[in-house]
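Reading through the structure tokens given below for one structure.
Labels for the chains are A, B and C, by order of writing; each one numbers its residues from 1.
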Amino acid sequence: MRTKQLFIVASALMVSPALLFGAGTISGKVTYTGTPAKQKAIDMSKEPSCAKQHTTPVTTETVVTGPNNVLENVVVYISAGAPDESTAPTQAVTFTQKGCQYLPHVLAMRTGQELKVVNDDQTSHNIHPLAKVNREWNKSQPPGTPPLSEKFDKEEFISVKCNVHPWMHGFFAVLKTSHYSVSGENGGFSLPNLPPGKYTVTAWQEDYGTQTQDVTITGNETKTVDFSFKAKPY
Amino acid sequence: MDGRISPAVFLPENPVSSGKMRGRMGRLFAIVVTVIALASAVPIITHHWFWSDISFAPPEDISTHGHAIDDQLSDTMVEAGLSFLAAQILLGLFVWKSAERKSTDAIKTFPGGARIMVIAALVLVGTEILALGVLGQKAWANVYFKPAAPDALQIQTQAGQFAFYFRYPGADGKFGTPHPDKIDEGNSNFFGLDPANDVESRDDIVTGELAIPVDREVHLMMHSKDVGHSFYVRELRIQQDFVPGLDLSVHFTATKVGKYEIVCTQLCGLGHYNMKAYLNVLSQADFDAWMKQKASEQ
Amino acid sequence: MSETSVSAVQHHAPPTSFIRKHVFSLDHKVIGKQYYALALVAVFIGMVLSWLMRIHLVWPNVPIPGLSLLSKSGAPGGVMTPEYYLSLLTMHGTLMVFFVLTNAPFAAFGNYFLPIQIGAEDMAFPRFNMMSFWITFVAFCILIAAFFVPDGPPISGWTAYATLSAVGSDSGPGEGLGQTLWALSIFVFCIASLLGALNFIATTLDLRTKGMTLSRMPICTWAWFITSCIALLAFAVLMPACLLLILDRVAGTSFFIPAGLVISDHLQPHSGGSPLLWQHLFWFFGHPEVYIAILPAMGIVSHILINSMRRPLLSHKVIIYCMMGIGFLSYMVWGHHMFVSGMNPFSSLVFSFPTLMITIPATIMTLIWLGSIYGSKLRITAASLFALGFLSMFVSGGVSGFFLAQPSIDIYLHATYFVVGHFHMVMGVAAIFGVFAGTYFWFPKMTGHMMNDSLGRLHFWLTFIGTYCIFMPFHYLGLAGNVRRYSAFVDDFLVPLIPVHRFITFAALFTGAAQLIFLYNLIQSRFRGAPAPANPWECTSLEWTMPSPPPFDNFGGKHPVVYHDPYQYGVKSSTGDYLMQDSPEEAGA
């Protein structure tokens, strides 16, 4: 009797954190159908210090694909139903300018989270997030100067350019929720630690737009949700 | 010593302004001005900075029209240089002599007085203006008053903060229509082309370097995306501003294979110092190969 | 008119309060000193900006101590950003051209000495005169405020070409409020200058004392008068141009902005304007402006040289006609700044002709100055040394102008350091030498104290050699094609030239330091210099007939009577080898 009670208490104790902190996961793959536009070669000849860092040709990263028709750099996040999270994480996210490219091409972060911009090149860059909802700013960063520190207060997908090197292009996905994932080389994404509830999952691709799907989590299960975008020829 | 100056400083007894040291000061001025004048001429004559191999000469002219400009420049340099040296040395000489003359000497007037100066100026400057003006008009006309040959290679260039991009018409020989509202630099669509709807733009070749065949006239049509810029290639002896809203152009023929820098010379913003592209003058065969390569990358 | 209009003079009672004596004074002498003090502050700021620029050019990624205090975004960690370099460049040019070169030789010395040299009690409109200075001061404050706005000072150069300057903050950092403040500051400056020019012209034409015919006015008075005529027309064009620029920036007009521009990924909502219109308006003012900067210096230098040489120039009339000729021609040449601007290339040839023609009166003047030294009895003082230095600099700067006047050569030299060398030599050195000469010459009269002439001569030698070391190499760099207004030299053909830039930077810092000798001399002499007599230089013009410093009403309520032309030197008289203009004595043989 006592063992059974202990067992029940232990199970309850094990389950209750899961009930409190959530253990459901939404994961899946992002793929495309059709033929995406060819990524164009980037001519860096005007900046020899960057051009010489690349041994293979550099192309635009508007649509980055992987084997089996997967799409990289797609931001998948909970757009509705996620519990409110008021405090931003203290850890900063880093955006690096290297070889006159932005690394990563798409950087996701929380509203109010610190963004560190690093210049790893021998040339000056001028980082210019073209924000429409947040405050628009641009800042020059000479080589060898300390990282810039900034943050965004409102949710927005912000196109980022360098004023000095027109081919440099990236995105900031500033999100209210911390339940986000950027698809990697295998096109996969994963949104863990979800308490039971009804969620709307949104996938955002910079050229193809957004898609949403509704998912319900009841317990600790992993729900598979796949997104498929129609490629544009141009 | 409380810093006060003897009242004698301004009276004729003052050793510097009116007395014994006057002559010394005058000689010092004459020597300094002559040394400066001669020293200034050295880098012009040697085309190099003092005791170094840093060259100041304009680079080798690789254009068909540039020799007239270079001749004009040398002629002006000789006349200006001689005038400069003569004026500075005369200044030194006259100051030297004048500072030695005693206050009891009579004032002497330069023979001919003001009249000879007016005539000298009219003759010297007048002939210089006539000679250089007439010559110069031809040099200018060669660049600006001759239209581009009808079979010149047509290339478009767009200047925008802070890079030059170039467009070749491609196999169909026609340039697609640019749409400012469709410009998408992150996607390498610098000219705002609309290949989805505009067939002529589909084969346009857009590059970040200007490659041209040697000994073939090029007609470069110039357009600005945003603010004023300028196209300057020293070796081509070409400089022309891009003006927003104006369709301008230059035409030239390059006579030597090589890689040259195109730099922006009109202040256009923070990246002005870093706004350049390479001019690649290639043999016809190399140029054709380059075009093929670029077409495949579009 | 050779008779004075006594009724035109507004008599005003001597001021009693401190404010009326030293702050809001109607006295042209106080106003002249106020302009000089403003120019001194402006030149100091402008010089420091040039040091910062020169240091950044040769040591671009080295932090400059303290710079991040001035601007955290412009110099993070003390390392100057490219846009901050351009901001400093813009403010340097604007301060120097407007607040130094228009203020010091013209407004400062002109205000102080023009009324005295024609025998008047004050300017024709003392109240306008006071307003002119204080409006200039307001313009200065508006300009300096641009340093402290969040986006920083403008980056478009003192020439502020559209569309960079006209579209607002899309075209770059510094193109926000800073550019609007710049345009507003210049607009206000124009108002002050127009009032000043009107005052000078009215005073010269109407308030000359008995016997002071126009031909008996000293050369510097003529120079101030001709400069005022030029200024009246030039500033009248710049003022509306600045207004149109402000309207484009804040009111959505499109005077200077055409359609279809994409700046910072924003399609600009303007259409119908012309960037070339700004260039025409600006340079229609801009070229006469540089003659506004040099003509007073020519006048001051002539006056001082004549006094130091103890003989008049070979011809008084020819010099004055030449100055008039330069003033007249200055309105016909503005397009030589625009040879490759995209305007009709035929216009370029048309503009080059009067540009070359201006060489003629300038050469005549130079030959007359040189020829007058021959056979004279030159006295060497700090003032006369700077006057002689002016001659040397004017030749150097003028000669390089001859290259730029030819459009075909300008194809190669436009926008290179050759141009920068040219205008610095004529404006940045020659005109400033005129100011230095005037200061050493007139300081005793203005303050009642002598300056230390040995320090003055030391100041001259260091500055003369130093400025040649700075600006002569600019011409060589220009011949190599070194482009101007670059915040760093990263292009393949520019990197090898950096050692020359290093030499120039050292020369600039050294020459800048030498100016501290002048500053020390000014301040020390003002308080502890030997007392100055009425006429320390044995000079003939009317300012030397009065005590040093002059009383409030100049001539003590009397109107002097003039008997002679201004340059009776080399004559036998009871005073020595010269005759004052108001002396009834006739010259001996």
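Here is the rule we go by: contacts are C-beta pairs under 8 Å (C-beta built on N, C-alpha and C of every residue); 3 or more make two chains touch, one makes a residue touch a chain.
As the structure is a computational prediction, the values presented were derived from the model and not from experiment.
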**Prompt:** If you average the Cα atoms per chain, which one ends up farthest from chain C?
**Reply:** A
**Asked** Once you count every C-beta pair in contact for both, which comes out on top, A-B or B-C?
**Response** B-C
**Complete:** Distance in whole angstrom between the CA centres of chain A and chain C is 58
**Asked** Roughly how far is chain A from chain B, going centre to centre by Cα mean, in whole Å?
**Response** 49
**Request:** Could you put a whole-Å number on the gap between the CA centroids of chain B and chain C?
**Result:** 26
**Message:** Counting only residues that touch at least two other chains, what does the list for chain B look like?
**Reply:** 160-161, 185, 269-271, 274, 276
**Asked** When you check chain A against every other chain, which residues touch at least two of them?
**Response** 123-124, 126, 140, 159, 161, 163-164
**Item:** Multi-chain contact residues (two or more partners), chain C
**Value:** 81-83, 172-173, 264-265, 488, 490
**Item:** Contact footprint of chain C on chain A as seen in their complex
**Value:** 123-124, 126, 128, 130, 138-146, 148, 159, 161, 163-164
**Fill in**
Interface with chain A, chain B side, in the complex: residues 160-164, 185-188, 190, 195-196, 207-209, 269-271, 274-278, 297-298
**Footprint of chain C on chain B - complex, ascending** = 2-7, 9-10, 12, 16-18, 21-22, 25-26, 29, 32-33, 36, 40, 43-44, 49, 52, 54-59, 68-69, 72-73, 76-77, 79-80, 83-84, 87-88, 90-91, 94-95, 97-99, 101-103, 105-110, 113-114, 116-118, 120-122, 124-126, 128-129, 132-133, 136-137, 139-140, 143-145, 160-161, 180-181, 183, 185, 192, 224-228, 230, 232, 234, 237-246, 248, 261, 263-274, 276
**Touch list for chain A against partner chain B, complex** = 40-47, 57, 60, 62, 123-124, 126, 140, 159, 161, 163-169, 207, 233-234
**Asked** Which part of chain C faces chain A closely enough to touch in the complex?
**Response** 60-61, 73, 76-77, 79-84, 172-173, 264-265, 488, 490
